[in-house]
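Two complexes follow with subunit A in common, the first pairing it with subunit B and the second with subunit C.
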Partner chain A sequence: MIGVGALLHTRQLSRSPFEIATALIVPVVQATLAVYLCRAGGEPGRLLEAAVGAGLMGVWSSVLFGSGGAIQNQRWQGTLEMLMLAPRPPALVIFPITLSTAVTGTYAMLATLLWGRLLYGVPLTFAHPLLFLVAAPGCVLGLGMFGLLLASTFVLMRNANALANTLEYPIWLVSGMLVPLTVLPGWTGPIAAALPTWGARAVHEAASGGPVWPSLGICLAISLGCLAAGALMMTYVERRARAAATLALA
Partner chain B sequence: MSDYAIEAAGLRRTYRSRTGWLRPLRREVEAVRGVDLTVGNGELFGLLGPNGAGKTTTIKLLNTLLIPTAGSARICGHDVVTETREVRRRIGYVFGGDRGLYERLSALDNLRYFAELYGVPGRDQQRRIAELLELVRLAGRERERVEGYSRGMRQRLHIARGLLHRPQVLFLDEPSIGVDPVAARELRQTVADLAATGTTVLLTTHYMAEADELCDRIAVIANGTIQALGTPAELRRHADGRQVLEVEAYGVTDAQLAAIHTLPGVREASVTVTGAAQALTVQSDAGVDVQADVLRELDGVRLGRVAARQPTLEDAYVAIVNRVDTPARPVEAVAA
Partner chain C sequence: MALFRLIGTGGVIAYRALFNWTTPAMFIGSLLVGPIFQLLFFAYLGRQLGVADDRFYVVGNAVLAASLSCVFGGTMAVANERRFGTLGHVLLSPRSRTAVFLSRVLPYAGNGLLIAVSTLTVGALLLGLRVPPEALPALLATLAVAALSCGFFGLTLGALGLRFRDVWVVSNVSVALLLLLTGVNVPAAGLPGWMRAVGEGLPITHAVRAARHLAAGDGFAAAGPALAAEAGVGLGYAVLAAVLLKAFEAESRRRASLDTL
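After this line comes the complex of A and B, so read on.
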């Protein structure tokens, strides 16, 4: 069920004119930002690292707006009620949706790297090329599981879009997707540790050198925790949503 | 197995909403105020009522989408609050309108996905989907995207989706809304066929002819409570002792309608607009001929056809619902 669900949700997402336009434009913008930030900072040698970070930003946006936005879309389409009527645990019903956003997120990362290469000649010389191919999907999968936790909020709240908008930029910053965590103030450390930062760290390490497996392991452990918490939350939230009548638009 | 497919006792639902942060404004709406009903296995039961009467809320309480504020409900003997999954295995839900489907997927993909969700075993899915596509006459069009479908086709796809897992109880919430007459007739035939095969159907509709033709029993709900319950023939008796005058007119004013209301012997009077014309319907006591008085009140208004007739189920429905506007008092079911 998870496979068929993820495939069909990916198909539904990939046919949206808005999603297509976003998928074409955003990676170019992010690759451009990364390249010019590096050049302005006088560190052109770190172009690849910056491009990977920009790609991760795209993944996060995809998960955040995908997991949250997809739930909101289900509500607008009138399909959220039909999904919740399925005689299955609510988390199992929603997980394919967050997984499909992870798949489109992988595309965002690859597109950012390719545009960086094509437009700005960013050298795609990875320190651990094979490990990069493991770390990137691992990170995306981790973010997808984190997305399930987020999605539960969207099931409950009709106006959860505001939450998605608020979360996008702070998480870009504190998760190490764009700038190294070491340059951030100390108080952001615990916040960063609780967020899907380890996946981003693993991807960075695969691109520019460093021990990939420990970061990836911690990322997947935290993500499994998110999956378990998300599953519990989803059961609780489904009941709350039925009590508060928020599964439908009105 | 329970004697009843659907049981509701003292079912109530209050919607609470809050707007504003600094000085929040809280609002409570009592949508359902104590519904009691039972529907037998294999029965086709109609729930009629005006907009905002509580029909959809009642259905959503019965199909587990809402939790009751008070009271209880059981589907095939399973409680809708504590045995949600057992209930969901046994029910199908179809609602009217354009929403509720994945527009950018084909009908086939929609059905495949919901077959997975609703637990149709993999080995049966292909056969079941083909069977349902034949039933709702979408075979041959199943690979087209739903966004290109007409409203009637979408409605038929909704029905196919609702039947994928062979539910024992099917909730149909205004399934024929916005569907053309030919498609509506075919839809009625499909519903009748389902009931004939033993599926319990709870149908809400605004179309009296549909309810009259299909339903074994009908409940009229208004203001959140059941106002009358019985077979179509029993409900029709709520209009016993009345006769109906229908006048096609062009330009009846509110003042003229109010004046007609006060004529001796007049029980109800209403105007519905169909295109450029108005249809004035006046219910009066059977022994009183109000035609001359009504036409006098319409002096100066261009008139078309004028006809007197016996009351129908729709007239009985109007009589029942209009009583709710006067001090609320439930109407007892009329004995057969």
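After this line comes the complex of A and C, so read on.
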């Protein structure tokens, strides 16, 4: 059910010019920015790292805005009641949506890598090519699980978009997607460690070298925790909305 | 007098009706806190890569911060009329639509100025940037010109909303392009010639140059030409927005596509 649901929602998102443009063009602009920053800093050896980092930023943006607005979007489409009437736990119905936002985000990763290769000649020489093929989907899956927690939390907030806008750059910053954690103040370490951004670390390690499995394992462990918390929250929100008859109300 | 009332009161009413970020939580989250994290992100990235010092990033990103509300605000000023089903009423008005739409930029520019000042202040405090006190009035004027210029740029994009459905795609991509092409985060010398040429025609580029001169204590004489260029770019977009609005309005009436979503 998760597979079919994720496929359905991914196909639906892939029909949206806005989603596609956001997932393809914006990360490519960011990748270009990263490439020129690396060149200006005299570090052309880090171009692959920059392209991968920009792609990861795109995946995060897709999850943040897609999952944050997942329930609201269903409400606007008039399909939320139908989803909640399904004889399945609400988390199981919403999780494919948040997973699909992460899958759509992988367009960003592919776009930045292709862009870097074709336009700037970035050598796609991954330190662990096979592990990269494991780490990238692992990261996407982890972020999809985190997305469920976002979706269930954001639905309680009237101004969830404000939080989504505010969270984009902080997560980019503390997750080490483009800025190494070593240059950040020490107090940001525990915050980064508690987020499922270990997936980003695993992808970077697969691309540039490093122990991939520990980072990926921690990412999936934290993400499973987010999935469990999101499922509990979703059940609570659904019961509350049914009791107060506010399911369709924004 | 009536024209001033149309510009002042009309602009404020339209701002309150169409600007989707006007609840305090959204305003603070999206427009005041977000740009500060953007500034920190690029400052740390620039430090790590050794591209430029903190002054470069604090001043650049503070000026760029004005663009967020102005570009999206300018787009909302036109596109949301259509979304809310009120575009036809506005275009039926016997008053000058050029004045109606151009006046809408003022509140957004005020917003942009507030955001730029707040980002500069917090960024300077967090990263320890000292700006010469005598440079502050000219710096404020530079931020105001940048905000106005971005507002007219946003209105130009908003005018496209009279003709095209997915104008938000254009706004999102434009905001991302401003990050790349205006020399805010990559020194202009590090960009290829064609990117620099495109950047020269965009808002922010010249204002950033002027603001960096002022923050470095070079004085108004050094910043003046760049500030004048920014004002010229802003004026250019104001004229372009007026022309596009007029042309697309006529075209929409002819094709009966005003409220087509």
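Couple of notes before you dig in:
The rule is short, and it goes like this: the second predicted complex is superposed on the first by the 238 of 250 C-alpha atoms of A that agree within 3 Å, B and C clash if a C-alpha of one lies under 4 Å from a C-alpha of the other, contacts with A are read in each partner's own complex, and residues count from 1 in each chain.
The working rule: a residue touches a chain if its C-beta (ideal position, glycine included) is under 8 Å from a C-beta of that chain, and two chains touch if they have at least 3 such contacts.
The structure presented is a predicted model; accordingly, all values stated were derived computationally and were not measured.
A count of residues in subunit A touched by subunit B and by subunit C gives the higher number to C. In the overlay built on the shared chain, the residue A:I25 is in contact with subunit C alone; subunit B does not reach it.
Looking at the shared chain after the overlay, A:L184 reaches subunit C, while subunit B stays out of its contact range.
By the touch criterion stated above, A:R11 is placed in contact with subunit B alone, subunit C being left untouched.
Of the two partner chains placed by superposition, only subunit C is touched by A:L37; subunit B is not. Using the contact criterion defined above for the overlaid structures, shared-chain residue A:L131 touches neither subunit B nor subunit C, since it reaches no partner.
In the superposed pair of complexes, A:L83 makes contact with subunit B only, with no contact to subunit C.
In the superposed pair of complexes, A:M145 makes contact with neither subunit B nor subunit C. By the touch criterion defined above, A:P170 reaches subunit C but does not reach subunit B.
Of the two partner chains placed by the overlay, only subunit B lies in contact with A:R239; subunit C stays clear of it. Common to the subunit B and subunit C contact sets on subunit A is no residue at all. By the touch criterion given at the top, residues 1, 4-5, 8, 11-12, 15-16, 77-79, 81-88, 93, 239, 242-245, 247-248 of subunit A touch subunit B in their complex.
Across the interface of their complex, subunit A is touched by residues 21, 23, 25-30, 33-34, 37-38, 40-41, 44-51, 166, 168-169, 172-173, 176-177, 179-180, 185-187, 190-191 of subunit C.
Every residue of subunit A that touches subunit C in the complex is listed here, in rising order: 17-18, 21-22, 25-26, 29-30, 32-33, 36-43, 46, 158-159, 161-163, 165-166, 168-170, 172-173, 178-180, 183-184.
For subunit B in complex with subunit A, the residues that touch the partner chain are 15-16, 63-67, 85-86, 88-89, 91, 93, 95, 97, 99-105, 109, 112-114, 116-119, 145, 161.
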